[in-house]
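First chain A sits with chain B, and in the next complex the same chain sits with chain C.
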Partner chain A sequence: MSRLLHDMNPSVKFIIVTVSMLTMAFFFNPWTPLLFWIGILILQMTMSRINWKLWALMMLPFTLGAVGYLWTTLVFGADTGGEVIGSFAGIEVTDQQWAHAWSLTFRVLAFSTLSLLFAFTTNPVTFVMSLMQQLKVPPKIAYGTMVGYQFLPVLKDELTQIRQAQRLRGVGQDRHWWHRITGTRRLLIPMLAGAVRKAERAAFAMEARGFTGERRMEFYRPIKVSGRDYVLAGVFLVVLALSCAGGIVLGK
Partner chain B sequence: MHEPVVSLADVSFRFPDDQVNTLNGLTFTIRRGERVVISGPSGCGKSTLLYLLNRLYPLNCDGIVEGDIRLFGKRADDYRPGEINRLIATVFQDPDSQFCMTTVEEELAFTLENLRVSRADMERRIVDVLAQTGLTDFRNLVIQSLSGGQKQRVATACALVAEPEVLLLDEPLAHLDPLTARNFVRWLDGIQKQTGLTVIAVEHRLDLWEGFFEREIVLGSDGQMIGDHTADSKAPVVFPKRASGMTGKPALSVSDLSVEISGKQLLELLSFDIGEGEIAVIAGPNGSGKSTLAKALCGIYKHTGTVKSPGTGYVPQSPEFLFLTNSVQDELSFSGLATTKMLDDLADRLKLKAIWDAHPFAVSHGQKRRVAIGAMLADNRPVIIMDEPTSGQDVAGLQELFSLIDERSREGITFLIITHDMEFASAVADSVILIKDGRLTGKFMAEEVWENPALLNAHHLLPPKGADRREPAFA
Partner chain C sequence: MLKSWKLKEIVLMSLFGVVFGIVYLVAIHFGNIWAGLIGPIAYEWMFGIWFIVSILSMAIIRKPGAAVLPETIAAIIEVMLGNAVGPRLILSGVIQGLGAEAAFAATRYRHFNLAVMMLAGAGAAVFSFVYGYFVSGYAALDPSFVLLMFTLRLLSGAIIAGIGGKYLADGLLATGALRGYAISRTKQGGAGA
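Coming up: the complex of A and B.
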């Protein structure tokens, strides 16, 4: 298996994913999302190396959601006319409802698979750097995001500390979920108080090292768009086009 | 005489929301290659002065500057934003919040990209600065995985990669333990000798710097200069002598305590006893299991073995992590275990009456610590564990901490204090519990430990500076 998707330019990948999602939104037949979903799975299987176990775990909630869509559309969907093709426990299902339900289901699956493809094959640091270099996102936003990203493990550690300290004082064993939700305020205030201080310090440290937020001319590690990225983008577009065409043909 | 790099003439500074000046009529000149320390009490404007030199102020706070600041002979206001940072680089105090990239190499490149160094030159500069600072092996490491001392070295390398003329240091040792701090100072000394860099530091604990500085500029609490002289090595913080508060009754008894978290053995078969009113210091290298012990003793972590205690409380390094309510009063009465009379008594003893209705987040650090201890005592926890209370404290903070602990101990409260600061430990401790690699080396009488440099060394601790002076008293 190759790592082509991992090495693809993140901005190009991002644009392709966005374009695919927007295109999918215009198709209401079940075949287009189904074909596209299968296409994405094949691309991911052949061009990336990921932890499929983790992938399956992440897909689980989306799959449940997809089944939910199927069920609710079949049972509660507005009657849009069409032939009744079957009935179950007194619920009559028309062919149009049937098609819409599967269309929604596959769309959810296709969207989530596509998002996971992006998430599993993209390094967040490279993505932000690429956004700044290819899509001209201002350095202030790009490096601000980077600082936030570096803070995540620190904040997680702090949250654990706060939880433990507060448990000592007799909170945290809330039996009901609504208590737990109102309790998050207690966790957030100490954490945010610390985060504000840290953010100011980080900003000072960056400025003291000559960061002004101006666009930079040269990068230590330029992230380039190569021929390979165009080819990969082409492959995605072909899969997209084929599933659109296939959907129109099969949907008739 | 070398040419001046920084010169101030009658400089005053005021924050826009303040009525009074933070800095008042400062006049001094610093020349190339000098090692200068700016000292003074907390809140005297030391850091503000430093920020005027690297141009973080006045722009970031709309402050009002009077007088004339010249950097390299040019008026400070005539520099474009970011321009001066090529010549004047800064290292800050918090090792956790001065990086924005993942690896050391990327972080160094961040400085170079800001300064618009050409890409051809970047590689050379990165290799050079890593060799110069002895960090070549760190090049591809993830910054967040490094220790505090290593992070400060990386922060210094990130400053030096700009090839500056002046290095500003804003209390760079505040969050380091004394041994790491000493090693950092020696390392910096080598670099300064090699490069002839001008070093200007803000610092209140000069004893850690040994003989590093040649000149000391002293600021008074009103932001005026009250001294400009040759720096002499400072005596460490002085604490009053205390008599032990031990009552002879037992308080905490631990036998065969082990902690295992997700398959990792963090503590193995620890046994020791601590008496009522005793102050025990827990010390040992980073990662030896000190905090794990503290959390196991007060019941945050599950453990095997037995712990007998009348109630164990815990004060984390940031006391505000404990706070749950909107006033100091509610904080103490939160558990509902203490009667009004007990609360009143606690408030008196801990001097909390003045801040009784204040928000616990809005009081000073020393007061937060008092509130935290008050909350623990109100919860019937007369054995109190404090996690690194000495870290980041200035002289006044340490002295306040000393009297807080000393007074409580005389009231029969038992303390376990985790600290690396043997200066503080020698002033306050009755006994010392040494831990290494999750095992107990032993519980010692405090004096025994100070007289045993080999034992201290094995646990990455520096002997207290007064130890040799104190020895005759014990003979």
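Coming up: the complex of A and C.
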């Protein structure tokens, strides 16, 4: 078991993951996404060390979503011709629709697995620092994003506080879900007003400590792209190419 | 483009991204499972929630880029939080933001009334749908079903993001927290130029 994926440069990983997803979008045969899904699973198993229980938990909603895709495509599939291979409850399914439906289902699974691969093996702070150093995202945006990220626990606490304060005064007893929807304004306005004030204070504090937002050549924690990143990117591309080729061969 | 941006405006957008990230998590609780079972169409009516941050930020900051940037930052933050939709969220964030930005750019960043904001919500819906059509393979679905999904998303963008964004911007202006931002400098308040 290695930790290769954990050590991969986040920007390289990000580009590879995005390229793979966009490539998948061109294929409507069931084999390409299926092969790619299996390939990603193998990469995840051999090159990373993750909590698989948590992984399975996070995959669950996507698996349900994939089932949703399956029957939506079967019932509302485009009429593309082909032989009718079966019917259920008056809906005739052609072989084309059958293939498309499974293709979209496996696509959802492949996408979610790829996303989880990224999420489970990438440190968020390193990711943003890498975006700034490798992909030239302006420091103002990179550090601005970091501020937001660091404020998350504070804002979460604030939400609880606002809710408790409102409950204390007898508001916020939402019995129905539509009350919850209309009631979000009551929560959002104080949250956003608090965010405005926090943003001002944080920005002022940053500028007072000499943050100008100018691009620099040197960083406190440099994040580099090494030869290993190119090799790993190559491995991903090979998996992608093989599943595309495999899909074309098997799809005939 | 970033030269004219103050740091506080960027941090503001970032914090807005976080707030909507949290609210979205709260709101999603009751919709998650059935959304999975109903299929892709279940998400359409609530797509506007994702566009609000663009429209709200643009209403407050009123600079070119004030729709694309917050949507992008919000997407980066959601990816940082380990959102399971993954890194492609950043790409869709940029695309949605561009859709909203297009509407404001078409009016040369001079009007920020309800109609323009609804247009921006609709613009974000159109851009995100075109992208979704490609990435999620809607081409395999029946055109009339795709049209239904598109209509739902368009309405969601115009109503939830457009009207909702305007409503929130006005509510926030009334709290007095927005002194020092472009929205407070216009005479009619949030009513637009």
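List of remarks:
One rule holds in what follows: the second predicted complex is superposed on the first by the 252 of 252 C-alpha atoms of A that agree within 3 Å, B and C clash if a C-alpha of one lies under 4 Å from a C-alpha of the other, contacts with A are read in each partner's own complex, and residues count from 1 in each chain.
In the analysis below, a contact is a pair of C-beta atoms (placed from the backbone, for glycine too) under 8 Å apart; a residue touches a chain by one contact, two chains touch by 3 or more.
In this text the structure is predicted, and so the values were computed from the model without any measurement.
Aligning the two structures on chain A places chain B and chain C side by side, free of any clash. By the touch criterion stated above, A:A193 is placed in contact with chain B and with chain C alike. By the document's definition of touching, of the two partners only chain C reaches A:G77; chain B does not. Of the two partner chains, chain B is the only one that A:R221 touches; chain C does not reach it.
When both complexes are overlaid on chain A, the residue A:L242 reaches neither chain B nor chain C.
Contact with chain C, but none with chain B, is seen for A:F14 once the two complexes are overlaid on the shared chain. In the superposition on chain A, contact of A:M206 is made with both chain B and chain C. Residue contacts after overlaying the shared chain place A:V171 against chain B, while chain C stays out of touching range. Contact with chain B, but none with chain C, is seen for A:Q161 once the two complexes are overlaid on the shared chain.
Of the two partner chains placed by superposition, chain B and chain C are both touched by A:V147. Counting the residues of chain A touched by each of chain B and chain C gives the higher count for C.
Between chain B and chain C, the smallest C-alpha to C-alpha distance in the superposed model amounts to 5 Å.
Residue overlap on chain A between the chain B contacts of one complex and the chain C contacts of the other covers 125, 147, 151, 189, 193, 198-199, 202, 204, 206-207, 211. Chain A meets chain C in the complex at residues 14, 17-18, 21-22, 25, 28, 58, 61-62, 64-65, 67-69, 71-73, 76-80, 97, 100-101, 103-104, 107, 111-112, 114-116, 118-120, 124-125, 127-128, 131, 138, 140-141, 144-145, 147-149, 151-152, 155-156, 159, 177, 180-181, 184-185, 187-189, 191-193, 195-200, 202-204, 206-207, 211, 213.
Residues of chain B touching chain A in their complex: 51, 54, 56, 60, 81-82, 85-86, 89-90, 92, 94, 96-102, 106, 109-119, 122, 143-144, 155, 158-159, 162, 168, 295, 298-300, 313-314, 316, 318, 320-324, 334-335, 361, 375, 379. Chain C meets chain A in the complex at residues 2, 5-8, 10-19, 21-23, 26-27, 30, 32-33, 35-42, 56, 69, 72-73, 76-77, 79-88, 90-91, 134-137, 139-143, 145, 167-168, 171-172, 175, 177-178, 180.
Those residues of chain A that touch chain B in the complex are listed here as 125, 143, 146-147, 150-151, 153-154, 158, 161-162, 164-171, 186, 189-190, 193-194, 198-199, 201-202, 204-212, 214, 216-222.
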